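You will see chain A twice below: alongside chain B first, and alongside chain C after that.
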Partner chain A sequence: MKLHHSPGVLVVTGLQELNATNAASVRDGVRGAVTSEVTGVDIDLSKTRFVDSSGLGALISIHKLMLARGGHVRVLNPIHAVEQVFEVTRLNRLFEVVKI
Partner chain B sequence: MKVILQCPVAVVGVPALSRKRPLVLSPFLGQTALAHTLSGLSGEGAKQICLQAGERTAEVLRAVGAGEVWGLKITGPDERDFAGARRFILDSLPQAPDLALWTSYPVWFDAQMALLERMARQRVGMRELRPGVFVGLRTRLAPDARLTGPLWIGDNVFIGPGSVVGPQAVVEDDSYLDDGSEVVESIVGPGTYAGSFTELRRSFAWGRDLLQLDTGSLTEVQDRFLLSEAAAPKFSLTRLWKQWRHRLPIP
Partner chain C sequence: MEPVRVIPVRTHFMDVECDYESVRAASLQARSFLEQAGLGEDEVGGWELVLVEAANNAVTHALPERKERGVGLRLLVTVELVEAHVVDRTGGFDFPENAELPPDDSESGRGLFIIQALTDEAKYLRGPDENQLILRKRRNPSSPSPAGQTPTPATAPAPAPAPDPAPTTNSAPTPSSGESESTESIEARQMLEAMTEELASAYESLAAIFRFSAELQGEAGSNEFIQRWLHQLLTMTGADWFVLRLVDREATQLVLSVTSEPDVATGLRPSESIPLTSSGAECRAIVQRSDVWFDSQAPLASDDPLAGFGRGGGFSHPLFVNDTLVGVFTIGRKDFTAAFEAGQVSVIQTIADFLGIQILSQRILEEQLRARVDARDFEIAANIQRMLLPQKLPLLPGASLAGFCRSARQIGGDYYDALVTENGNLLLIMSDVMGKGLPAALFALMFRSLVRSRRDLAPHPGRFLAWLNQNLFSELDAAEMFITAQLAYIDVGRAEIRVSGAGHPPMLLATEQGEVIEVRAGGPPLGIVEDSEPSEETRSYRGGRALLFTDGLIEARNRDGELLGLEPIKVLLRNAALSGEPIDITRRKIVEMLGEFENAGEPADDTALLVLAGNLPF
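Coming up: the complex of A and B.
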């Protein structure tokens, strides 16, 4: 996982998968990197082939953190299979899913 | 009447449907497309069927047995005794020859919707709760489930409280839709569990496989509480009957 800051936004990239093996480290890594200047988190899922409920839990945790700070979370370019998981769990209504 | 029945086992437009079993054995309104075809051919007066399904002929033959269920005599791919016989390619059903089945996933879905009411009225034990809402035997519906036709709910299905099913939905036999689940413009395959508050739209869910009808994207859901095979009871007379009925010497 790679984290970098663009003005006001924390961008998360390089996630090959988001499941029980790395969900906690992703959640803690992102939470630790969210500073007071950060108003949004963009999570790039274009390389992510696999998301399970633990991964979704991590995303919800990040979403709750940003919501408490008045910010937002966007999910960028998920592949079809990952998008289906968002749809079946209705999380596509919670997160802004952006396809560029 | 003799018929040579040619069964495609996989088609480019719908590869996911032949992932688990030959294409003609994929679910189609309470049975398989092959079972509907055999019913249709029998209704048209067929007596003997030469069944051809390429390298998967043996597997398809095992599923239909010798054909007693339909009053037919079904034999393997050898067509020596079928000179001059009618040839039927299973890319549509005899009951609706103008309706293509396998061109694409939306076409496959639309074919089921087009035939839903007709097939439901022919199915033994299926009742119409209200216009367009057909429900099979031993199915339990929560009082507050919202059912909107056209809708097919098969035998031995459970629809949980707060669920939304239909319009344009098929829930096949032995499936379980947990509380608050939503199935709209979708098909739930036989023996499938959909967990609480899962939502299926323009999808085909069968066991853990989830297919998006418009994109053709297929994913295997990893979390069993979201989507999985419904656990079958250890002993079931219905299951025994389904497994053995083809082999019983019932005239």
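Coming up: the complex of A and C.
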């Protein structure tokens, strides 16, 4: 996982998977990188081939943190299979799924 | 048997360590298996997620003391469906019929919802040691059929499914390779296939049977295999105890084969064997050829062999394969207020019937193996016996020899020989190992080697026999066998014949004057008395006939059951000695007499004989 800041936005890239084996470290890593300047988190899922319910839990945790700060979380370019997970769990309503 | 439809099945079994990394690795293996089985990308992805969710749950909630047993993943794919079993060692939980999504801001609690959303059916079976989540989903009709298989069910004989690249992947049912199957094995397999199809609508049964079938290629029918399956059956059906009895080979007793652990409170075990005539539930089930149920309303009689052990309630299920009785299987619950459900009864009956088929097949295979070993024994023994007999008998001036040996139905240990000693004299040997088959042939071989190794002892046949006894006693004694033998030493210089026997019929000596003498000197058979000292008898011998033989000659029986006995032989020998006919003629006459007496009846015993015609030049 790689984190970098563009003005006001924390960009998360390089996630191969988001599942029970790494959900906690992704959650803690991203939350720890949300500095006071960060108003949005963009999570790039274009290279992420697998997301399970633990991974969704990590995203929700990040989302809750940003919500509390008045910010937002966007999910960028999920592959079809991952997008389906969002749809099945109806979290596509919670997250802004962006395809660029 | 009618041709049966065969459902092509591919299965994939994994035992996964109890951590998330191992689960993820296993799900990737499962993914690859499903891809090879021909599922489409969406289906594969869905199952990958479902398996991860189910197995992660099993890891998260595993009981610490059972963690090392890991998580079981079983997959099977048919033309129409995919079924997965996830075996967990948690304390079990109440599986909701329709899981609901948690509030959007909840960070957990979506796993069960995902599982149910992505499968058609999900059922959770709780057991005392482990639980099983059974998941089933019909295949997407647009997706290709299992790789290497036809999309529509084939008719028997079914083509073998394509070999699987992954070592943990099995295809079933698959005809075993290697040795050709017996008709019984083929029938058993066909029946198994037919039953598999018949039960295809009941998914618990189907799942269990597929797993069962997949294991058939291994140690099916072994005690360990049966034990493992019956313990799994307890788990699957929520039962507490079982008793499997198998009928013995004489079909008179039901012998305890496998049972669940003795009840902790009572320590009771079912009795080891019960007669088939018992009035207990097990025997009644066999007589009626139907299940016999018992519970608090219809309890077991106090003298029922299961009374005490079989508390609560349950039923005895007879195991028949066609009309062959294999045994009876009884299963029950201590608390029978919760009776077995219909589906559970179906699973029990099916697994028990399948085990019955496997047990019978195993028995048939063992019998075939034993027959092969016996045939091989027979071949070796026959070779040994052929090797025992002298290729040609020695020629001495003024003495000629003729021998004959005939085996009865089985190879025996008759042996004769004639050895020229260092001083130019002659030792005749006749022996008969008590017993048949390979052991008898081996003792005959030992006897022959010992005799040939010490021909220096020939001048004193009594002492020679004592020495042979000393050298063979412990082996014969241990094998509970014995040897009768006779040695005759012809001292050419002295014109004498010295004879000693070990529990052997007498040597017949017919003189040129027409006298026939039975020479009976000797002692007990070799292997009976440790320190025997057989006596010797010395007779003057210049001409006439001497006959050494084994008891098969005089104990030959005609169709009326009468013994041939010594007298006709003595007459024949006397006439031969008086006429001075060639030795071959004498031998032929004895053999013909034997044949005519038996009148083409079955020879009862081996027969060997050795005729000496003397005309010593003194």
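The rule is simple: the second predicted complex is superposed on the first by the 100 of 100 C-alpha atoms of A that agree within 3 Å, B and C clash if a C-alpha of one lies under 4 Å from a C-alpha of the other, contacts with A are read in each partner's own complex, and residues count from 1 in each chain.
To be clear about the criterion, contacts are C-beta pairs under 8 Å (C-beta built on N, C-alpha and C of every residue); 3 or more make two chains touch, one makes a residue touch a chain.
Worth saying up front: this structure is predicted, and the values here are computed from it rather than measured.
Overlap between chain B and chain C is detected when the two structures are superposed via chain A. In the superposed pair of complexes, A:Q16 makes contact with neither chain B nor chain C. Contact with chain C, but none with chain B, is seen for A:G57 once the two complexes are overlaid on the shared chain. In the superposed three-chain model, the partner touching more residues of chain A is C, compared with the other of chain B and chain C. Within the superposed three-chain model, A:S25 lies out of touch with both chain B and chain C [touch as defined at top].
Once chain A of one complex is fitted onto chain A of the other, the partner contacts of A:V88 extend to both chain B and chain C. Of the two partner chains, neither chain B nor chain C is touched by A:S46.
Superposing the two complexes on chain A places one of the chain B stretches 27-35, 99-107, 117-125 or 225-233 into chain C: stretch 225-233.
Counting contacts as defined above, chain A residues 19, 50, 52-53, 81, 84-85, 88-90 meet chain B in one complex and chain C in the other. Taken together, the chain C residues at the contact with chain A in this complex read 20-21, 23-24, 41-42, 45, 48-49, 52-53, 56, 59, 101, 104-108, 110-111, 113-114, 117-118. Listed in rising order, the residues of chain B touching chain A in the complex are 197-201, 203, 210, 212, 215, 217-219, 221-223, 225-227.
If you check the complex, the residues on chain A that touch chain B are 19, 50, 52-53, 80-85, 87-90. Every residue of chain A that touches chain C in the complex is listed here, in rising order: 17, 19-21, 50, 52-54, 56-58, 60-61, 63-64, 81, 84-85, 88-91, 93-94.
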